[in-house]
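Paired with subunit B in one complex and with subunit C in the other, subunit A is shared by the two complexes that follow.
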Partner chain A sequence: MSTLPLAVTRRRGQGMRHTLDVRVSPYAYVAPFFLLFCAFGLFPLVYTAWVSLHEWTLLSETQTFVGLDNFTTLLADDYFWNATFNTLSIGVLSTVPQLALAIWLAHLLNRRLRLQTLFRVSLLLPNVTSVVAVVVIFSQLFGRDFGMINWVLSWFGVGSIDWAAGTASSHVALSVMIMWRWTGYNALIFLAAMQAVPRELYEAATLDGAGNFTQLRRITIPMIRPTMIFVVIVSTIGAMQIIAEPMLFGQSSGGGGGIATGGPDRQFQTLALFVYEQGFANSTFDFGYASAASWLMFLAVVIVAGINFLITRRAKGGLV
Partner chain B sequence: MRLRYLTLTAVAFFSAFPLYYSVVVASRHNSALAEVPPPLLPGGNFFANVARVFDTVPFGLALLNSVIVAGSISVAVMFFSTLAGFAFAKLKFRGKNAMLVITVATMMVPAQLGIIPLYMLMVKLEWTGTNYALIVPALVNAFGVFFMTQYLSRALPTELLEAGRVDGCSTWGLFWHVVLPAARPAAAVLGMLTFMSAWNDYFWPLVVLSPDNPTVQVALSTLASGYVNDYVLGLAGTAIGTLPLVAVFALFGKQIIGGIMQGAVKG
Partner chain C sequence: MTPRIRRLGLSLLTASALTLAAACGGGGGDSATEAGADPGEKIKLTVDLFGDFGFKPLYEEYKKTHPDIEIVENVTQFNDHHNNLVKRLATNSGAGDVTAVEVGYISTFTAQPPKFTDLKQFGLDKRQADYLDWKWQQGLSKDGAQVLGLGTDVGGLAMCYRKDLFEKAGLPSEREKVAALWPTWEEYIATGKKFAAADVAGAKFVDSPGEIFRAMVNQAPVGLYDAQDQIIVDSNPDVKKAWDLSNQLTQEGLTAKLAAFSPPWNTGFAKGSFATIICPAWMTGFIQEQAQDASGKWDIAAVPGGSGNSGGSHLMVPKQSKHPKEAAELIDFLTSKENQAKVFKEEGTFPSIPELYDDPEIQNFTKPFFGDAPIGKIYSDAAKALKPQHLGPKEADVRVAIGNGLGRVEQGKQTPDQAWAQVLEDVKKIK
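Right, the complex of A and B next:
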């Protein structure tokens, strides 16, 4: 009742203001995000297309429109195709085992378990570690002469591997770093989805005599499919843009080559690193060419993500 | 059952060991790296190595920059995400659902592809080499908005807002007096997640900053690249530049993990 006098004394103008407040405030509250995204997310992406049609360098004041010239040059550029191959190779090597392992770990954690928190925290430790730290640490572990990994391998009669030097070995080393950093994170995402699966399904399956692995295959995976699709797409997009790992690995493995070449023979230069090399590390600062490469990369991201979406959606229980 | 614990323990070991080993190496002398078998216990050289880090790169400045950048980004993200999350979760307006879908969809945009125009934009604004270039584009993000939307639609009773309305609160008043206090637990988790990712961000700071005014991660990469095979120096930098964060995480791990998992369950 105490509100009644207030309402009575409220003047007409205040009523208007109230309506305005209720109508407009919500838009004002979500506006910061959309403004920021348009300015620093959407605009650069679209403007990349415009730049890619020009002869455009940091050094020159004028930009000449050259149509699709940058793209035709790019398609004939061996370094571009090399980078495409490396991106796909590292992407597959790091993502496929990572997601399989993540699902399995989530399945192991999805029980009443002592030390549950300790296990979860330790799983996520690598993800809290910065990418610079990860690569610096692993470059040491993967060292040819005194690295711990070669030392352990030597017990099994494996000779010293120069991890950074070879194409396949450097891809494996980089994939290990990426997996180390992201497996636990994805496992927790899967675990969150698994906890939403009704317990009764498992109880019924246990009564029917279904084993652990069968339950994972027949119940868990079909039930968490939306999350799987989400994780696969996000991981794919991430894998197609890998740049910091090869960049830092090239620097700290001591193999030589420039900051952005991905090893002296470009054996692990990814697409994103190629873009960076053309735009920022090359003496020409060729923004036009780099933007064209960005767009082809975007195309590749969309295609690969689309294919993975279709595969994940169609996959029956036997995906793992 | 025993196999389950064995596997999880092994995984926990492999997660933690590289971090531990980096401290071992960081506390030794470079000559220890050539030992076979490799050293497995920390040595006594840690502070001497850390001093070398400060001599080699402007590490004090880097720490200051990183604290400023990660701190301001976290506060801004907490504030703007709660604001937008409030609107999406509890207010009625036309186009709300579409806008929320768009927000989530922007998480899938490979933003790195726009790096060249973004850099050109920073040149135009004369922000290259300054912390503005790092802070302003990161003031709010889709993950934060989605995260707070999820939390507020679950945890904030609509009756509380209605009561506030009856008492004559404006929308802003509701936000300030009702929503912000209620959002505190989730906002704290979001703040920690944001701080960690801002602190660890590497590529964009590398592009837009110069080596003489770096963030911690840029300084670390300078350490790792400048001195070929001086792993001890690189790892000593890593130890002081990233391990404090890992320690904080280990302390608040339970809450942070809860936050990540809640954010993951898509509504």
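Right, the complex of A and C next:
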């Protein structure tokens, strides 16, 4: 090195700096995210896995390593499977109609309208409402004795339904609350994607005599497929993590049950609520068990989201 | 319309308080983080409660004599309050300077003396002479050496009932005659059947079996735990009997299926959806608040099955408090004889100081809301006849498991036998 002329060294130094800049800077730019992700995403994930291998409660000073005991207990725990079933059931009941409705709404708004900003903003309003307010009000609407929904149903001779008591009826009630909050949000995302679809396609289709619905099916949906994949995945992940709705519904519906059991028969206890019950809502504060449940829930989310990804991606073949 | 709006507002408030609490978890404790104040600056004491204890006027009074003290009250929903306290003790931050603990949780906390301030060091052991002996004992550490909590109220039992609904059903409505209808719980159920037979529109006999069950267990000499802190739900015949009787209420169709403290239960008060409700002293305050339009329609009679205690609280000072001395002084004040009497007259929570029971001011105290029922006398008699029961560390969890079982029967999901089998399974899992 020392035998090289000074200028060369300098140029080489510059070159190295340049290479360094090109090679390293991009990582430096994204580093803040990854540092935060490591602190608040990756670390908890790994630490949860570590905790899940222990007999670990908030109150005891000692934590004993128990290997996979928590997982084996969990897989044999009926309440865990019950919560898994409820999560999937509420997930399907809320996500499928929600996305269909969102596409339809977006399609309706994807044209020149008077007051279109007003319409678009109002789509977002349910989403900015506090989930507590939504659930408390919907719990009253779904009330057994004095609820408005039962009152309307009574016009058609339907007897009063105890929404919170039944498994299916409570899932429907919760799905309605979830749909209320998220349909407009998803519709806006779809709308944004739809605006990027070239107008000419619709004009050509109109000339060819394609109706409104055919245009939606044959042009819009295939063109916004990437957005659909995104929305489906995000909604699935959201649906798998539902906790506030069932928890508050349980407390404001009058059906009784523990604070986090989702009704006395656990008829609407979701996975996230199950985790909360084990870890925080009883006086044992069983972190080990709750962590194990969280990890299985994480795996379930990955699996379900993966399945949905494959389905949505394949959907192209059927539509075009 | 106004009361309805207020109710909605109330339920919204509780609900949001509840999610807040749920969301903040152990991280809460906005106010207790104040470091030791400079001399001359005000000392801020936080008081964590799980409902309206009727302390507000007392704070004002206290501030007059203690100008250097500022008091902030935080009210959280019942379960969250106690769960949060556990978390805050474990993480050593966020707990109030003074915290209320309900009797169902008291053994959980007195089992952890290092987490609390021994009030003896501030001379509060002198208060022992004031108290009902068992109430005093409940606030001691397990070995009896430390004074960890001072009692506020006791929940002597009575039965509240709606006179107008009883009249509609053709039942007697004067409190002595009503009490004579149900010396035992079996006769209470028989009365319920008569009430149901009269088919009063829109009204059931009782709100839900949950609190009735709790009352029946509390009347027994031994409850969910034996003296060695073992859960004896499966072997205590009194628990099983209470279970069977509670389910009988459900199976005879006598309950309105309204779980206590839920918003529909509140509505049920306003609409007169149930004719009787188990009435520990503190419940009278609730009824008055929820059934504002029903003044004069409620009355209070003796409870079936003899006396018992349901509910009541202690005030404790967590060790993490920066101002244990001031907190202890505040507790001394809030639980003093005069102030317990005051709170009783306002809120209905009944004193735990026996000297008051014969005080003519309490003895002759009546409330127009309850048709001028002599509530002072009723609850004094109840408190005097009380036989204390040993409570174990996981009372609350056991109660939730049983409450869920009763709920499953009430919602028609299971037969009582199936529900009982599941309750026993659930109870076994409580560590």
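Here, the second predicted complex is superposed on the first by the 281 of 320 C-alpha atoms of A that agree within 3 Å, B and C clash if a C-alpha of one lies under 4 Å from a C-alpha of the other, contacts with A are read in each partner's own complex, and residues count from 1 in each chain.
The rule we apply is simple: a residue touches a chain if its C-beta (ideal position, glycine included) is under 8 Å from a C-beta of that chain, and two chains touch if they have at least 3 such contacts.
Predicted model, so just to flag it, every value in this text is computed and none were measured.
Once the two complexes are laid over each other on the shared chain, residue contacts for A:F146 go to subunit B and to subunit C alike. In the superposition on chain A, contact is made by A:F43 with subunit B only, not with subunit C.
By the touch criterion defined above, A:S130 reaches both subunit B and subunit C. Touch criterion met: A:S252 reaches subunit B and subunit C at once.
Contact with subunit C, but none with subunit B, is seen for A:D162 once the two complexes are overlaid on the shared chain. Within the superposed three-chain model, A:D69 lies out of touch with both subunit B and subunit C [touch as defined at top].
By the document's definition of touching, of the two partners only subunit B reaches A:I233; subunit C does not.
With both structures placed on the common chain, the touch criterion links A:D265 to subunit C but leaves subunit B unconnected. On subunit A, the patch touched by subunit B and the patch touched by subunit C overlap at residues 130-133, 135-136, 139-140, 143, 145-146, 244, 247-248, 251-252, 254, 259, 276, 280.
In the complex of the two chains, the subunit C residues touching subunit A come out as 8, 11-12, 15-16, 18-19, 22, 25, 79-80, 82-83, 86-87, 90, 105, 108, 112, 208, 210, 257-259, 262-265, 267-268, 271, 273, 393-394, 396-397, 400, 403-408, 410-414, 430-431.
Residues 57-59, 130-133, 135-136, 139-140, 143-146, 162, 165, 244, 247-248, 251-259, 261, 263-267, 276, 280-286 of subunit A touch subunit C in their complex. Contacts from subunit B toward subunit A in the complex involve residues 4, 7-8, 11-12, 14-16, 18-19, 21-22, 25, 33-38, 80, 83-84, 86-88, 91-93, 96, 99, 103, 106-121, 136-137, 139-142, 145, 166-168, 170-172, 175, 196, 199-200, 202-203, 207, 217, 220-221, 224-225, 228-229, 231, 234-235, 238, 241-242, 245-246, 249-250, 253-254, 256-257, 260-262, 264-266. Those residues of subunit A whose C-beta lies close enough to touch subunit B in the complex are 3, 6, 18, 21-23, 25-27, 29-30, 32-34, 36-37, 39-45, 47-48, 51, 105, 108-109, 111, 113, 117-126, 128-141, 143, 145-146, 148, 151, 180, 184-185, 188-189, 191-193, 195-196, 226-227, 230, 233-234, 237, 240-241, 243-244, 247-248, 251-252, 254, 259, 272, 275-276, 279-280, 287, 290-291, 294-295, 297-298, 301.
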